[in-house]
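Both complexes shown next keep subunit A, but they swap its partner, so subunit B is in the first and subunit C is in the second.
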Partner chain A sequence: MGVFDYIQLGLEAVFLGPEFFSLLGIPISITLAMVFFGFLTGIAVGSTPGLAGPMAMAIALPILISVFGFHPDALLPIFGFLIGIMKGATVGGAVPAILFNTPGTPDAYMTTLDGYPLAQKGKAKKALKLAHFSSVSGDTFSDVVLIICAPFLAILVERYLDLPEKTSLLILSFAFIAAVIGNSVGKGLISMGLGLLAAYVGTGEDIYPRLSFGTQELARGFPVVTAVLGVLILGEIFKSIEDLWREKKQNGQINVIEQSGDQNLHWADIKRYAPYIGRSAVIGTVIGALPGVGSTLAATLGYTAGRRQYQKNKNANDPNFGEGAPEGIAATEAANSSVSGANLIPVLSLGIPGNAAAVFLILAAESIGGFNPGPGVFKIPSSGVNTELVIAFGIFTTMFFANALNWTIGGYIMRSMGVMIRIPKHILLPIVLLLTLTAIYVEQTRMEAMWFAIGFGVLGYLMRRIGMSPLPFVIAFILGGRLEDTARQAFQATGGDYFFLFTSPVSFIFMLLALAVIVYTARHKKVQSE
Partner chain B sequence: MQRTNVIIGLVFVIVALAVALLLVPFDVETSYFEKHRRQLNVGDSLAPTLAAAFILFGGLLLIMERCANTHKQLSWANFRYLLLFLLIILFSLSLMRWTGPLVTGLLNLFTADDLEYRPLRDTTPWKHLGFFFGGGFLIASLISLVDGKMTIRAVSISVIAIFAMIAVYDLPFDDLLLPPNGDV
Partner chain C sequence: MKKLLIAGVCAFGLVAGSAVSAMAEWAPSGPMKMMIAFKAGGGADTQARMIAEALEERHGWKVIPENVTGKGGANLARALKNEPNNGSAFGIAITDTFGYGMVSAGDKAGFTQADFTPLTTTAGFQMGVVALTSKGWNSWDDLVAAAKGGQEIRFGAMSPKLADLAYLLGQNAGIDLNIVMVKGGKGVMNGLNAGDLDIGWGAGIQAKAVKAGDMVNLVSGISSKLVVSPDAPTMGELGIDFNSDGYFLFTAPAGLSQEARDAIASAIGDIVNDPSTKAGGFIAKAFGGPVTISGAELDKVMADAESSAGALMAASE
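Moving on, here comes the complex of A and B:
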């Protein structure tokens, strides 16, 4: 069987799978229906202040597995729903970022910088339209690149990277994340170190689970969902409720901005913002293809590149980036959305997620079975069928279907979510808190998991209060075990060579780059601050 | 802001040193490298020590960095809020955990029954008791915290939210357990 046979099988698996219902005599498969429902859920969740795509994925996963069961037929419907959420939430994440200054997703953080000031100037709807257009453009571009390049890139990466190179690539990813996210390399490194440390609790190869203080509770380590949801979601909820509490105490009320003026996105606007969208789409796609480096970095780099270009071209009266420049929204949204497609390259070929959403795709694959993200996915056997490759092309198909939904109805749905500004955040956030804790419990069925999540929530809260990004923590937590395992294997494979990271040229270059990115960013940020 | 960064940096330097010099040596059984069947392997101590080294390096860098950005500072007011918030959560989860067993205990006091919560935890309404009261208290009290007063509206919203969550998680699925029914 050739590549085109696999593409055909992937398409058939999605479009001709088990029928969910019939529309005008046309059978609609369960996978398509799940993408649709996931997409609607994603936009609603992403658009709702305090909610986020990964959280919806976490809440949905145990329910989906209960519905579809633990067999390979469940993979595409479940992946379809999760991908729908991922796509919908990516575009919807801009809504709370613009309207509330609350990034619904971590990668929407940069959108707040210009989106919120623009909303404060009464241009919220225009900002939302621009965010949608930029987001969908970037997303579609990256999906096209994904389907063209993914199999070839995965094979290339796999061919040239052995265990030491994979270890150093992970270290390089960590260095990137720690250096670029946030405004302080020191804080990034601390956040990353804490994530690694948390990942190593209760694990190890010895019979005694390390760092567990001899307790049974810590001996099993921290479940991934408790750390991810705790630091990312609960930390934000803790902080947001305090902000609302203080705002209410100071002002006696929570402010709502009246919207006014031209809210339409004109053709002239699109032409003006297209260079920012195009540049960021390329940046996001390249970043997304790098294992372990996710959409937040892409958003940061896209935003930085956009700002540089903007400074050269802007008129004297135009607002600066960070003060409500629409170009800032275009640059950020195109970059972070273009990551989601390309991000599946390392997820599928190496099993390394670049963002929190990808983590849940891996969790789903691990939970259901029958699909092991790794080099085997893109191998074409000389005889027989590689079912994982069929599923991979099925996943690509669901992504394109979600994009089609996004282009056609996504904008209307997203814009209608402007109504979310009317939902009192202080009512929604406590409900989200309980919903998140319940989702954690449903998956773990032990109270201590809820306590762990609350502990991580406190950590996330404190990190935000001292201006430390929680994302390096989360990514380090997710990849910490993999880093150690790969390093162990590489060390053994090189016969116990203490310098295994420096013996091969590729690995040496990765390590050098890791050091360079830390030093350069630290110096660059120091100069900026001076 | 420089002073804040120095303090944060120092705290994490101390944390890193404590992890590397106290926690790892005393709570990890194998060293940095281990010889097993004449083959040299990476021991369990190496990874957490490297994590501590990242924290140490980050802390030192933070002390030296002049960047920072930020208008973000921790104050005692933040800690007071956090304490209040955690007390609400503590009480809510305790209510969630113990309402079911407490109600069965009370019923046993006033009736001739000899009820135990554990056999009842998969039956309505017992399985919803803890979630209803604990979860309801959590939502209502946090809404009230921001509102500055406990209102009927807050309580009503919490009741509706709890019913909605029960409808989503419990009614359609036999194999999903609402808290605290997996523990008791």
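Moving on, here comes the complex of A and C:
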């Protein structure tokens, strides 16, 4: 079987999978339907300030698993839904940013700078159309890069990395994530250390469960959903509830600006903004491929690069960046949207997630079974079928189906989401809280799970209060077991060599890089804050 | 003669009827919790979930599967022993959990065989030492020759018992092996495919690849020949007194009534032995066919598992 057979199988798995319903006699597969529902959910969630794509993915995952079961057939519908959310949330984030000066997602902050002034000038619809076009262009570009690079990188990894190198590569990723996410390397490292500590409760090679204080409750370790949903979602909810309580009730009145003039996006406009979109798409894709660097940085870099270019070319009476320049929207949205596809490069080729959305794709794969993100996915056996490769192409297919939805109907749906800002937070937050706890209980039908989740929620709240990013914690928790296993195996495979991390050149370079990333970022951030 | 025949039929009917009614009498008082010591989504987990489904279909028992993984089944054992012993909780692990795994942990294990009422086995392991065909080894002797020629050999094992057996294989052949602990048979397969391991134990997961010619079984780890590789020598033929014979085992907390024990064991046995059920079909395909040992015979298997563990530990020290 060649590559094209796998592409065909992947397409068939998505389009000819189990039928959900039939439309005018054409059967619509469950996977396609799930992508569609995920996409709608994603746009709605992205447009709602206070919610974000990863949150919706986190809550949806345990519920989806309980509906579809632990069977490889469940992989594509569940991945489809999660990818739909991821894609929908990316475009949705621009809606409140442009209409109400409130970014729906953190990386849409830069969009407010030019989007809101444009809306004030009565060009909201045009700004939304431009945001949508730039976002979808960036996203599609990124997906193409993913499909070309991931298999290639996976084969390189397979050929050149042995167990010691794999261990040092994990250490390098950890260093990178701890250093780059958040505003302090020290806090990033502490967050990561806490994640590892939590991951090591109840695990290990010894038959006696470590760090469990002799209790049966801790002997099985912390279930992944409790740690991840606790720190990421409950922590955020606790903090928002406190914010709400502290703030005086804000004036809920929303000013409606009269819209006027030409609201269409013309071919001439597209030609004018294309260079900004193109440059930002490349920036976002490169940033996305590095584990741990999120879309917020991509948006900032894309915006800055766009501004530099704009200053050189603009006419005297064009508005500056920050005063309602459409180019600002194009540069930001293309950059932050092109992160999501490229982010899956380290996921699929190494099994290392780079951001929160990728965390949930890995979690889905690990909980359901039958698909192990990593180099093995892209191997073509001499006979028989590598089902993981079929699923990988199935995933690519769902991504392009979501893109097609985005190109066709995404714009209309997105422009109708302005109402989401009217949902008051004091109603929204308890609903999300209840949904999260339900999702955890659905997956872990035992009461301790609730207590663990609330405990992790308090931890997440405290981390946010002292300005420590919870993402290194989550990634360390998920990869902690892998780090330990790989290190043990590398040690055993080298015949018990204590210096296994430093004997091969590649591994040694990775370790040096890990140290360099920490030292360099620490100094750089210190200079920045001074 | 005719009278005798009628009497015989009546007697048979009575005996059979009473047996059926004795079985039919026992039923769980509520939902049953089925603990599964294997990771969700794997072959062993799939087997357990299919059996749970069939128990519900055939007997109307409400069975709720729950994965209690880790420590080679010891986590399940520690959790299961404290559950009520009225048939409302039972679990599936492997016989080794209550053999080598338990014995090697000593006092730290936190459970003994006396804490459980074993119900039935479902299948055995087609355990073999497996390598990629591309390595160029057609037999165990080829591998020994390569190792003697100075090649470093990494041997993947998924339990301490299998690590000991791997050590004995190396010692017996006079070669050094770097024994690497991995998670489950899937971990061995991934390690072999990624080139991280040279050989490893496979409990049957390798059968498809062996049939396709991508992998080869070099040694049979069990006391009999492997179904897919009848040419591979057994451990005994290589002069090693130990083997990896073991089974998937359903067990319940100690003190389960005989009636409940028989009812659950025969209900599971009937499903597993019926190839027309999903579970039966799956076991035939994935584990080389059903092996259902229950009652007194199973008690003996369990006792042997415990006693042979000490001997293996002593031999590999």
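We take it that the second predicted complex is superposed on the first by the 360 of 530 C-alpha atoms of A that agree within 3 Å, B and C clash if a C-alpha of one lies under 4 Å from a C-alpha of the other, contacts with A are read in each partner's own complex, and residues count from 1 in each chain.
The rule is simple: a residue touches a chain if its C-beta (ideal position, glycine included) is under 8 Å from a C-beta of that chain, and two chains touch if they have at least 3 such contacts.
Keep in mind the model is a prediction, meaning the values are calculated, not measured.
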- request: Please tell me, clash or fit, for subunit B and subunit C sharing subunit A in the overlay.
  value: fit
Partner chain(s) touched by A:G2 [first = subunit B, second = subunit C, both, neither]: neither
- prompt: Of the partners subunit B and subunit C, which touch A:N183 in the superposed model: first, second, both, neither?
  reply: first
Message: Output check: A:R220 vs subunit B and subunit C. Expected answer is one of first, second, both, neither. What do you get?
response: second
Query: Can A:G370 be said to touch subunit B (first), subunit C (second), both, or neither?
result: second
- request: Have a look at where A:E205 lands relative to subunit B and subunit C in the superposition and call it first, second, both or neither.
  value: both
Query: Which partner, once the models are overlaid, touches more of subunit A's residues, subunit C or subunit B?
result: B
Which of subunit B and subunit C A:L163 touches, first, second, both or neither: second
- prompt: Does the superposition put A:Q492 against subunit B (first), subunit C (second), both, or neither?
  reply: both
Message: Quick check on the superposed pair: does A:G25 touch subunit B, subunit C, both, or neither? Answer first, second, both or neither.
response: neither
Subunit B versus subunit C as contact partner of A:P505, first or second or both or neither: neither
Where subunit B and subunit C come nearest after superposition, their Cα distance in Å: 6
- prompt: Common interface residues of subunit A with subunit B and subunit C?
  reply: 205-208, 445, 488, 492
Subunit A contact footprint on subunit B (complex, rising order): 4-5, 8-9, 12, 16, 19, 23-24, 27-30, 33, 39-42, 44-45, 47-48, 50-70, 72-74, 78, 81-82, 85-86, 89, 93, 97, 131, 135, 138-139, 142-143, 145-148, 157-158, 161-162, 165, 168-169, 172-173, 175-180, 182-183
Field: subunit B partner contacts - residues on subunit A that touch it in the complex
entry: 62-63, 66-67, 178, 183-194, 196-197, 200, 204-208, 210-214, 238, 241-242, 244-245, 248-249, 426-427, 429-431, 433-435, 437-438, 441-442, 445-447, 450-451, 454, 458, 461-462, 464-467, 480, 483-484, 487-488, 491-492, 496, 522, 525-526, 528-530
Field: Contacting residues of subunit A [partner subunit C, same complex]
entry: 70-72, 158, 162-163, 166, 202-203, 205-209, 216, 219-221, 367-370, 372, 374-376, 379, 381-384, 445, 485, 488-489, 492-495
- prompt: Can you list the residues on subunit C that touch subunit A in the complex?
  reply: 39-42, 45-46, 49, 64, 66, 68-72, 74-75, 78-79, 82, 101, 104-105, 108-110, 152, 154, 176, 178-183, 186, 190-191, 193-197, 208-209, 212-214
